[in-house]
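See the structures that follow.
One chain, subunit A, appears in both complexes that follow, with subunit B as partner in the first and subunit C in the second.
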Partner chain A sequence: MDDISIILQILFWGLYAGCIYILLATGLNLIFGVMKVVNFAHGEFLMVGAYITFTVFLFTGLNPYVILLLSMLALVGIGAIVERLCFRPILGTGKLNEIFLSIGLIYIFQNGAAMIWGDAWQSVKSPYDGITVPVGPLSVPLDYIIIIVVTALILCGLYLFLKKTTIGMQMRATSQNRKGAMLVGINVERIDVISFGLGCALAAAAGTLWVVSGQVFNPYMGAIPAVKAFAIIILGGLGSIPGAIIGGLLMGLAENGAAFLLGGIWKDAISFIVLIVVLVIRPTGLFGGKEG
Partner chain B sequence: MKYSVLIIAALLIAAACIAGCAQQPSSTQESSAALQDAIKIGVIASLTGPASNVGTNMWQSAQIAADKINAAGGVTLKDGTTRQVRLIVGDDESTQAGGQKAATKLITDDKVDILVGGYSSAVTSAYQQIIAEYKVPYIVTGASSPIITHRTDIDTSYVFHHCPTTDTYGEYTTTFIDEVVRAAVNKKLGAASDRPFRLAVLYQDTAFGKGVQTAVGNTITKKNLNIELVSLQSFKMGESDFRTQLTAIKAAKPDAVYIAAFPNEGAPAIVQARRDIGLNTIFLNVENNDNSQFYKDLGQYGEYAIIESRFSPYIAPAGAVAAAQDDFKQAYYKKFGTYPDMMGASTYEGVFIATEGIKSAGTTDKTAVREALTTLKMPQVIEAMKDSTISFSSDFRESSFDLWMEQLHMDAAAGETRPKIIWPDNLKTTEFVLPSWYEAGSSA
Partner chain C sequence: MLSAISPSLRYLTALALIAAAALPFLTDNMFIINLAVLMLIAIIFSSAWNLLACSGQGSLGHAAFFGIGAYASTLVAVALGITPFITIFIGAGVAAVIGILIGLTCVRLKEWFLAMVTFGFAIIVQTLVVSVLAPMTGGWDGIPSPRLISPAIPGYQLIEYYAILAITIAIIIAIWYIMRSKAGLAFLAIRENETEARAAGINPVRYRLLAFALSAFIAGIAGALQIHHIGYITPELFGVDNSFWPITFVILGGLGTIAGPVIGTVVLTVIWEGLKETGMTFARYVIIGIILILTIIFLPKGLVSLPERVREWKEKRERKRSVIEEFSSDIE
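Then we have the complex of A and B:
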């Protein structure tokens, strides 16, 4: 393995890690952009997505990439319920309420999952396990190529949804000016439910891809990715979807670069070092506006 | 609006209830009247968090031991009374703060007579101050860093170490590499016997992982071994993505990789190394990985990996402890539907050691029990001990185990790998195999 191959390999792992972060952070930013709520339990939706994939795979043996769609659909429903029962009643009552509510949700989801699935580490074997494809000088597992392609497709789909559909345009309008959106007749509560559901579905997609990539998971897996997702959306700019994408990618690359150059213990720390550096230079984040 | 607030409140209350149910599955083993006057043994285990798999195994194994002791009549004290054993679990949540909370609760609220358990050296060392302050005898059965009893910043005289330390098994594994793996690699390469062996270490960045890494280095120096440490890569506890560190290791061209990790880390590390990185080498694992979940998670990628061991869920060394191990495994399987692991085995023994200490002291007085444990000499229980006896060294209160090395072979019926003992000569059932796909670090 020559030096160029090693660097390319590390960049590739960074790109893969970035895909998971992008999906998680984009979902979180979608919710924040529209509702302006802080949901620390977002990582738990990734965990639930992982377990739904695991369970459906266990009972049906379906291709996990097909289960991704089921997992996303299920999380749209779960997200809508959580929004309706938990976040809507406290919307606008203060950030402290949102924070404590989301901490409560973390416990509900973690312990609920532990009761249903137990808290042992689990893993799922992809049907493409062991298949590698040449990418330049590298030979990389097919699963990672699929993960990158699936992430790109989901983001393209999200872009088209936000740009071309009426609901997407209403979401953008609500995100830009909630009162203005209400004045022109947009049902913002309906938009809230859709945004929350969609954000959770993106987290579910991240969970499924996490599982398919061969990483182990348990009910407590969502905590660290959620914290990183918050770092990413602050880094990219609160409410900015392009910011979440660039931020996620940057974080994935920075983490893997740091693990290679400085050692594995710097993997998590580097996320926050990058965040601090960016905020010092540009307090609103990379793509943040005045309100960011 | 009021209705919604009620729903939120109900959800939060449900969260608290569920948290209680899931995180503390059983705060006490039993609570019948017969156990009201029982000897209280606190078991500190990781029931939640990254180490929950091993922690649950420890707690369940302790229950099997208590059942057996109680079924045999309990423990007779100096005053002639016979008392049952009652276990109380404390969940350290796989965190230092959780460990401090669990130890404090067991000592001050539950007022346990003695403590058993402790997994993860980082977690265990974090609450040792509490043990020292309250002077409660503690038989540590999972945390393997020698600092547990070697540290001098606090009083460790009430702590007894019943599991091999990282110094012990780090040296044992390094010696095995030098004597067995090196010879096989040289033979495959047709290399001269003085070819330096290229070893990489992937270790958890905690007292445990650093302890293993230090032990490897010290052994190489002490025994003047011709082993070159070509890559030292660390990761944080609970990590699940090792690809970058493994890429760095592959670039260093190792002949073998020694992994100092927990089972939930070691298994994905090997899978990612073989499947994603194409690191086709021999992986050596620390004993705590001899756990049924580890075999399951490894799948076919575990084939020909090596584990340093003293108790396996799937095999037992021929000899005096084989039948006792089988009894324990069957009792465990009957009660929990799975097989116990190594940390479970030492915790099972820890409960026997605790009761033997109390029996020898004839009282539950903590100072007297500590004295009794210091001079304890009891027959080995289910694991093979040096001189077939459990006793603690006079300097650091450490017991001495007979260890072995096992290699994993694919078992078509199980669909997973299963271990076979390959070292030392008096225990081995088969020879070490260098697989056909093995790639040495360098050709000469």
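Then we have the complex of A and C:
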């Protein structure tokens, strides 16, 4: 392989890895935008989404890309329950409490999943496994292309939902001004539940795509991607969805570039080094305004 | 919070001290002594985390300082051949210096950003230890660490227990003095309202850095003690679990109090070991998570505030009853 195709390879891997981060980071941002809450346990929803896809796939043998919708629906429910039982009672009692509560959620979800599914590494074979498509000088697995297309579709769907539907508009109104939204008669608590559920559904989509791409997973897999998603939204600006998309792509590229140049062991550390360097220069994030 | 030590807390302190001193006479089960040693170390570690939280900074990566103290102390002790009793403080000093360096990034950050940076820092340190520093640290396999008291000495476990108990008490007293000093008041003022603290002439950056340095120093002592107690060191020390335990202990006991970390650690360790007896593995963690969340929602000031909460609840009931009686007598 010549240099150009190595660079292309890294770019493509970065794009694919970026998709999962984008979905996670967008979900986090959606929740933050509306509720001003940061859920550090967001990665656990990715993990649960992955396991739901895995289980349904084992029992029915459906195409995993179809199960994606099922997994997202299930996570809307789980997210709504978590919001109602855990986050609503502590809303407005301090940012530190939200962080500590997330730690409790991490304990519960990770080990609850380990009780149900065991803690061994699992993997699923996609029906399109082994099929490759030539893209320029590269031959790319078909699954990667589907994953990128699915991510783009989900993001377009989200955009239309936020712009065109009444609930989407209410969500935007609440995120802009919570008190104002209450004054014009929006039930902000209902909007909270919907946003949280939607954010979790995006995480579930990320989890399903993770499974479908043939990567291994176990109950503890969610923590690192979630923290990276969080790093992305700090870089891209809290509450900004375009920022999350650009940040996610950059993160995927930086990681795969670092893994190629420095060795795979640096894959996790590099994202935090980037984060710390950025925060040293700009304590509110790259595009962060006064909110941070 | 600190100035008013209630009599009940004073009795509890005395009782705890007597129990801790008498423990080796009550049991000769080395498992329990060993558990008590680990509990004391956890108390030091939680108190260190709590000190930082007092200044409004919630770290999610305190395992980094715990591990740095442990590694620095081990490496110095091995290289120079001096007793761990001295290298513990060298290790803690290294942790404090690195704490100041990472603190320089953190002091200007808001809660979430700070949590992220500290969390990421633990991962970066772990990566460094297993990659660049591997020739020195032994990578993932780890290296043996000199024991605090040589196992050749008869009754070394008891000597070690009392030595660590003494260090723990000294550290708690030191923290008590810090929190009563001007610095401690400044920490609390910054946590409550940074703008007002600034208006009162407190320089938040300086005091936050101080909190970082002190907290990293004490966490470093805890890490070094644990590793010299176990006699072996691996990079697992930097794990996420190790960062989360002190948080869980402190939240349960009572954030921002001296007694909180002690009570939280003891209660949770007893629950943890009790659940182990029932043969639970993953369910133990689920239960800890549920306890943590219930504490945050229903007892936000921790177990320390439990007597107060019970009294409040009783008074409320009393008031309700007297109102009802008044009403019923009016009707008559």
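Throughout what follows, the second predicted complex is superposed on the first by the 281 of 292 C-alpha atoms of A that agree within 3 Å, B and C clash if a C-alpha of one lies under 4 Å from a C-alpha of the other, contacts with A are read in each partner's own complex, and residues count from 1 in each chain.
The rule we apply is simple: contacts are C-beta pairs under 8 Å (C-beta built on N, C-alpha and C of every residue); 3 or more make two chains touch, one makes a residue touch a chain.
The structure presented is a predicted model; accordingly, all values stated were derived computationally and were not measured.
> Superpose on subunit A as described above, then tell me if subunit B and subunit C fit or clash.
Because the two structures are overlaid on the shared chain, the partners are seen to clash.
> Which of the two partners, first being subunit B and second being subunit C, lies in contact with A:Ala120: first, second, both, or neither?
Only subunit B is touched by A:Ala120; subunit C is not.
> Applying the touch criterion given at the start, work out whether A:Gln9 contacts subunit B, subunit C, both or neither, answering first, second, both or neither.
A:Gln9: touches subunit B, not subunit C.
> After superposition on the shared chain, which partner residues are touched by A:Asn218: those of subunit B (first), subunit C (second), both, or neither?
First partner only, subunit B.
> So, A:Gly112: does it touch subunit B (first), subunit C (second), both, or neither?
It touches subunit B and subunit C both.
> For A:Cys86, using the defined touch cut-off, is the partner it touches subunit B, subunit C, both, or neither? Pick first, second, both or neither.
In the superposition, A:Cys86 contacts both subunit B and subunit C.
> So the two structures are superposed on chain A. Out of 94-102, 274-282 or 310-318, which stretch of subunit C collides with subunit B?
With the two structures superposed, the offending stretch of subunit C is 274-282.
> Going by the contact definition given at the top, which residues of subunit A touch subunit B in one complex and subunit C in the other?
Common to the two interfaces on subunit A: residues 86, 89-90, 101, 104-105, 107-108, 110-112, 114-115, 119, 263, 265, 268.
> Which bits of subunit B are touching subunit A when the two form their complex?
Residue positions touching the partner: 1, 4-5, 7-8, 11-12, 14-16, 18-19, 21-23, 47-50, 52-53, 56, 205, 233-236, 238-245, 247-248, 250-251, 263-264, 267-268, 271-272, 275-276, 278, 293, 297, 299.
> Report the residues of subunit C in contact with subunit A in the complex, numbered from low to high.
53, 56, 58, 60, 105, 108-113, 115-117, 119-121, 123-124, 127-128, 130-131, 240, 244, 247-248, 251, 282-286, 288-290, 292-293, 296-297, 300
> For a test of understanding, state which residues of subunit A touch subunit C in their complex under the given definition.
Touching subunit C from subunit A are residues 38, 40, 86, 89-90, 93, 95-97, 99-101, 103-108, 110-112, 114-115, 119, 223, 227, 230-231, 234, 263, 265-266, 268-269, 271-273, 275-276, 279-280, 283, 285, 292.
> Given the complex with subunit B, which residues does subunit A contribute to the contact?
By the definition above, subunit A touches subunit B via 1, 6, 9-10, 13-14, 16-17, 85-86, 88-90, 101, 104-105, 107-108, 110-112, 114-115, 119-121, 123, 125, 129-130, 132, 139-141, 144, 214-218, 220-221, 224, 256, 259-260, 263-265, 267-268.
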